[in-house]
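In what follows, subunit A forms one complex with subunit B and a second complex with subunit C.
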Partner chain A sequence: MQFLGRRVFYMAATLLAISLVVFVIISLPPGDFVTALEARYAVQGTRLTPDEVAQLRARYGLDGNVFQQYWHWFSQIVLHGDLGMSFEHQKPVKEVIGARLGATLGISLITLVVTWVLAFAIGIYSAVKQRSIGDYAATTVGFLGLATPNFLIALIFIYFSVSWFGSVPSGLCSPEWCDASWNLGKLLDLLGHLWIPMIVIGTAGVAGLIRVIRNNLLDELRRPYVTAARARGVPEGRLLRRYPLRVALNPFVSTIGWVLPVLLVGDIVTGQILGLPTLGPILLGALKSQDMYLAGSIIMVLSLVTVIGTLISDFLLGWLDPRIRLGNQR
Partner chain B sequence: MTLKETEGIPPEDDRKTERATASQRQLVWWGFKKHRLALFSAWLLIGMLVAVVFTEFLAPFDDRHRDSDYTAAPPQVLKLWDTDGGEGFQWGLHVDGYTSEQDPRSLRITYEADPEDRVEIGFFVKGEEYELFGLIPWDRHLIGPEDPEDPMYLLGTTTDGKDLLTDLVYATRVSASVGIIGVALAFLLGVVLGAVSGYFGGWIDNGIQRLIELIMAVPSIPLWLGLAAALPVDMGPVMRYFIITTILALVAWTGLAREVRGRFLAMRSEEFVTSAMLDGSSHRRIMFRHMLPSFSSHIIAALSLSIPTMILAETALSWLGLGLRPPAISWGVQLQEASKWSVLSGAPWLLIPGAVVVIVVLAFNFVGDGLRDAADPYKH
Partner chain C sequence: MSTRNPQSSMLFNRRNQKSSGSAPWPDPTVTRRGLVVAGGTALTASAAGCGWFSTDSDSGGGGGEKGSEAPMLAERVEAGDLPPVEERLPKEPQVVTVAESMGVYGGTWNSTVTGAADGPWLWRTINDGHLLERSRDWTEIRPNIASNFEANEDATEFTITLREGVKWSDGEPLTTADVEFAYNDVALNTELTEAVPSELTAADGTPIELEIVDDYTFIVRFSSPKPLFEEDMAVGVSGQRFTMYPRHYLEQFHIDYNENAEQEALDEGYDSWVARFTALGHLWSQQWENPDLPTLLPWVCKQPISDAESSLFERNPYYWKVDEEGSQLPYMDEVRFDITSDVETMFAHAINGDYEFHSRHFNDNAHRADAVEGEANGEYKVVELESTYSSDMNIGFNLNHRDAGLREIFSDKQFRIAMSHAIDRQELIDVLWNRVGEPSQPAPRPESRFYDEEFATQYTEFDLDLANQILDDAGYELSGSTRTAPNGTPLEFTMAVADDALLGTIWIDALDMIKGWWAEAGVTMHINSQPRENWQNLINEFDYDATVWTGDGGHIDEHTSCYWYMAAGAGGGAFFGRQWSELYTNGSTEEDLVAEPPAPIEEQWDLLNQFKTEADPAVRDELFGQILDIAKEEFYAIGTVRGHGGWCVVADRLKNVGGPMPENPTYGTPGPASPEQWYITEDK
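Right after this comes the complex of A and B.
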């Protein structure tokens, strides 16, 4: 219980620190939301009355000193769930994010599951069959996957897609299926569009996890208890499942936290190139046009999910492995 | 055993005594030499460093060189001899010039190699003037066309008629140095704070560790993106370069600090530290003269493993348009051009910088792994 309490306390502290960092990011670019809005209106030829300006400034708490501004921004989020306005989209940030969160989480989750299944199978295979051809192939792919930036993978796919099929599969569905109700055809169409993003987003993750699992399992398989079990005549398959595998599961659990930001960066890349209705391209656009409430909020939401994910993985690890639980109590 | 193989490695009889009396550096070097791949990678990286230092000399052209006659021209093949020049077989380093043809409908220009048009290539040729290290004015280039007006584009050209090879050499300087300088900064922060944290322990350790945990808990990639995007748009390229490097370093130092701290913590109770303390050495002397050198090879290994991460981060940032921007050239900036699929399908050679990124990152990883294994005393 003490372990649990300490973790929750750290999480709160971390969130506070993150909110500070995000606020700094939001306030770094010169000018603020209202001056940006004024500049935008000036380009369009309309003008805000001083009254409106004052009203807007009051609404976003932009007139106080830095601390008052921070407090205003922070309390708006906590008390009213108000993340501010996006001046690119002319909509509340909450709506912009909400509209795309579903697709993002969906793609991320599917990719995550595929990543895990693949990494798990390949990692175990290459540890058990160490120094086999399959192991060498897996290790090579692992090294390459970690060394290749995911946007480069996307570019290579696009190149081959264009030279073989003459076009790039963009979006999440083909025009003829987009408005159709759910059926097998639409599902197949969706899968046809999903595999490139999945490869692009997932490769680095699979490569990293394969390496970790392989190394962990190899360490574990050299332990005396494995030899002892083998000497007693425990069949190989059961021997593997009994203990070493549990230890090898550890990296899956401990990476729950940071897996989402990694996936989202992959999503920025693929979403940008393939035009997916996900958060990635929105974040990139917001960052580029310095639409800071939107960008800051997306970073905030991401960090929140990461921190909660870390918390969950801490609990799971403590439950999976008593040593971790006790080690933290000193 | 041939003579070559025994070079550097002591002969069988003396080997035991040599091993026992060899310095730590010697032991690590022997261990490292056994990793063929790591050794090969080390040579590659040395080549890369040469490119970083002698950029202007190695690049065939100046980085502002722009040839509007040849936009998105394909790579040329470097030929040692000639059989179709009309005079039979003929030695001489050369490439074939281009004939261009414009599609009347799409207006796209396609280039073909033209065996009739021979472009003489030479080493140490006179070309555009430059200042080596910003000091020594010179006009020789390692390789280039004998007549500076002739087209010689060994890796093809970009869509605005710049030589891809020249750009690549210049980009190598920027991208590699971002990695190296960034890691050096992170190293400074990480080693000092890690050492202090592990050596003194107690509340200092506790404070620094909580700080590190906080920084580590903030997802680094969105943080990079956010900070990079918050930079003023009109910032000069040099300033931008340094700030991007600093941002990358500020996020990356924590891992190194943890590693150093762990080592210091474990070593604090060793006898040699106690003896140094009894000798009246200052804390700083004990930390940085006695303790740190004892695991310097581990630190070097950790460094060479963290440089590629930083290079990849810079490449991704720049590719997204949030890191370095033209006129600065880095690998990421170069690859931006390849991201339009209409351009890429006609000019796949624009992906060459990507291959360079992969090779350099792999090389750093192999060197790091080799060093780590070599520095591990239990493997000898």
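Right after this comes the complex of A and C.
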């Protein structure tokens, strides 16, 4: 319980710090949302008059100072759960985020699960059959995945999809299905679109995790207790599951905390290119246009998810490994 | 010289020929066949139905016989959901002349936007409801939602009659009650509108006087002549000031009509009634954002543009235009805007033939060759959009620079002439403009009635010796590699560039080349490229040495975008004189003037004031000609290359687009080509 309380307290403090830093950083660049809007409209050939500019600035309350704005935003969140208005979307931030949070978490979680399953299987295989052809193949592919930026993988997918299938895999549904009601066809269509972002966002994670689990397991496999167990005639499969794997699992579990943000960050660029209905592209847009309540709120939501992820991994780790659970009692 | 290749468009130029004609993946028919094989006949029975196991899409479906209304509406009339078409149309509907042939009903126009911020594309494509409209060739102004529009002799009083029987998209009639609400309760309400829009004020800023005569007729009175009012009423936004606010719907959000409006707004999460009114029925995006808002558009919002994946607009059953056979428009059932934030992805869709019509974001020189190559595969054509820029990149030196030394240099006409001679425009054309373009100064284009060959071509020949000679004569001494002005300031400055503007990549490449030529004339230029948001901030604060932008005002919008010819105009005015422009527009400046406006600038302002109140079009043209003569003499800014403009993709199945048209924000491409009479057919 004490362990739990301590972790939750750290979590709240982290979030508070993040909120302040985020807000200040968003406000740092010169200009504000109205400047950005002006620029965008000028590029599109529409020029705002000084009256319109003044009106917009008054409308959005951009005449006060940053800390007042921060306090207003933060206190509204804490007291009323109100995230403020998005300037760009002309809607409460809650609605803008709500519409996309599902897809974002959905894609991230599915990717996470697939990442784990793949990495776990391949990692163990690579360690047990070290220096086999399979190991080298997995390692090579893994390094390629690790070294290739996500957006490039996405572009390569689009290229092959256009030249082989004659369709561009952007979004999560094809035009004829987007407005259709849910049925098996739509589900198949969704799955048909989902695997691309999954692979694009997941590759780097899979590659990283394969390395982690392979190396940890290799370390453990050489320990004397493994030799001893083997000498006592414990079958290989059971031996592997029972001892070295459990120890090698530690880093695996503790990465939940950082795998999740990596996936979400991957979504920012990938979502942009693949046109996904996720938080990534609007976060990028909100940062560029200094739509600060929206950008701030998205980052807060992502931070919250990450911090919760870390908390879960702390718990799991504590449950898995008594050394960590009881660490501070010594 | 930079060899930067704009974006990654090369990626797509080799396409597998075998893929042509293949169905979009996943192909619903294929998955169904797979299911049949897997599940046997029992499953086929349920798959054929509309249940959850169906693999048929229940949306879309086009085509049909042409009657007086679309089949989808005829069905609703039959079901009793909708009055018959004769009752929905006004007494005398606006008759649209089709561009090529009579159309058929049905189908979806697929287009795309980058997101909620891309609203201007919707203004251009599916907007309607201005009092007057321009013909496609831009020469004629004719009735639109107003059936009659009369000015008195000195252009101070305008009598306007609304088309009788026009209805909002929910079936309520449009009357002068809406006009009254739009003006008195929106434009004059200081909480909603900081300042009355300039098209509704006289030259000195006095708002109009509105007199309602009867249900359909109203009179607009200005305190001084306003001959440009007619032009203002013929374009989007300005021309819709009276007809964009459905009173019967919006009153419930307005504090003057609903005393609980404030509390209701707070309860719904807005911070005031103004915020709710603005979000639901005011400002630039409401028509695309609020599905409940009654409008006069050909297609009305079903799914807003801020939606995550796509936005959808469906035909307005009360649209008030018909074709020459009396069939209600629009022909196409729906317009769908996919949300695609990445331009290269958007381009991949375009060459895959996924858009019926699109001309935005990717339609630059860098993508043209790939787009043309993909025509056959994607079953579309690349159609030219004629440029209206004086030049694709005009260079403006900051004549209002806070640093007196640089200000003196930039204000020296001899310096600007020398800089202009030190640009090899032909080289720019050959290397960066695909050999298509002509050297030009910031002057009206040959298509414009204000074209003056001498203005367009003066100082454009490349001659480094001459440039050096001029600088020597003007007293700019060469010391080392950089010259120094007589006042002791070295000729070294920074060019601010918005690198993510549509032509941003080409600008940076061009400036890289110009930098080399200018160095040979003893002038050092640094290039500061930055996101346009940051760039805009520098410009607003006139905190830059020099900058580049598109040469707006070359054709069609000569006087509305006059900011390359004089220190005035929309959006903060001229790039060569931001503070002077501020002085002219606001009558005062926020900060003390850094330099008094010289006589020619003042003279142009006088001419522009006369221009704005002159009722006779011929005299107006003459006055504007005089403004241009001064611009030519003063040579405020430097032009580079007059390009041939952008292009659009038009699917082979889309008819009635009517070929090339100008690309211009004032023109609002492709608005004047009347998308409501475009239609989709599989007949070739």
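We take it that the second predicted complex is superposed on the first by the 278 of 330 C-alpha atoms of A that agree within 3 Å, B and C clash if a C-alpha of one lies under 4 Å from a C-alpha of the other, contacts with A are read in each partner's own complex, and residues count from 1 in each chain.
By definition in this document, a residue touches a chain if its C-beta (ideal position, glycine included) is under 8 Å from a C-beta of that chain, and two chains touch if they have at least 3 such contacts.
This is a predicted model, so every value here is computed, not measured.
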Subunit B or subunit C, by number of subunit A residues touched: C
Which of subunit B and subunit C A:Q130 touches, first, second, both or neither: neither
Which superposed partner A:L264 touches (first subunit B, second subunit C, both, neither): first
Touching partner for A:M85 - first (subunit B), second (subunit C), both, neither: second
Subunit B versus subunit C as contact partner of A:M292, first or second or both or neither: first
Partner chain(s) touched by A:V96 [first = subunit B, second = subunit C, both, neither]: second
Touching partner for A:L302 - first (subunit B), second (subunit C), both, neither: first
Contacts of A:A36 with subunit B and subunit C, given as first, second, both or neither: second
Which of subunit B and subunit C A:Y159 touches, first, second, both or neither: both
Which superposed partner A:I273 touches (first subunit B, second subunit C, both, neither): both
Residues on subunit A lying within both footprints (that of subunit B and that of subunit C): 29-30, 155, 158-159, 162-163, 168, 272-273, 284, 288, 290
In the complex with subunit A, residue positions of subunit C that touch it: 8, 11-12, 14-16, 19-26, 28, 31-32, 35, 47, 51-60, 108, 110, 115-117, 120, 193-195, 197-198, 269-271, 274-275, 278-279, 283, 285, 289, 303, 306-310, 312, 336, 338-342, 344-345, 348-349, 351-352, 354, 498, 500-502, 531-537, 540, 552, 561, 569-572, 582, 585-586, 664-666
Of subunit B, residues touching subunit A in the complex: 213-214, 217-223, 225-233, 308, 312, 315-316, 319-322, 335, 338-339, 341, 344-345, 348, 351, 354, 357-358, 361-362, 365
Subunit C-touching residues of subunit A, taken from the complex the two chains share: 29-31, 35-36, 38-52, 54-55, 58-59, 82, 85, 88-92, 94, 96, 99-100, 103, 155, 158-159, 161-168, 170-186, 188-189, 192, 271-275, 277-278, 281-282, 284-285, 288-290
Residues of subunit A defined as touching subunit B within the complex: 10, 13-14, 17-18, 21-22, 25, 28-30, 143-144, 146-152, 155-156, 158-159, 162-163, 168, 258, 260-262, 264-265, 268-269, 272-273, 283-284, 287-288, 290, 292, 295-296, 298-299, 302-303, 306-307, 310
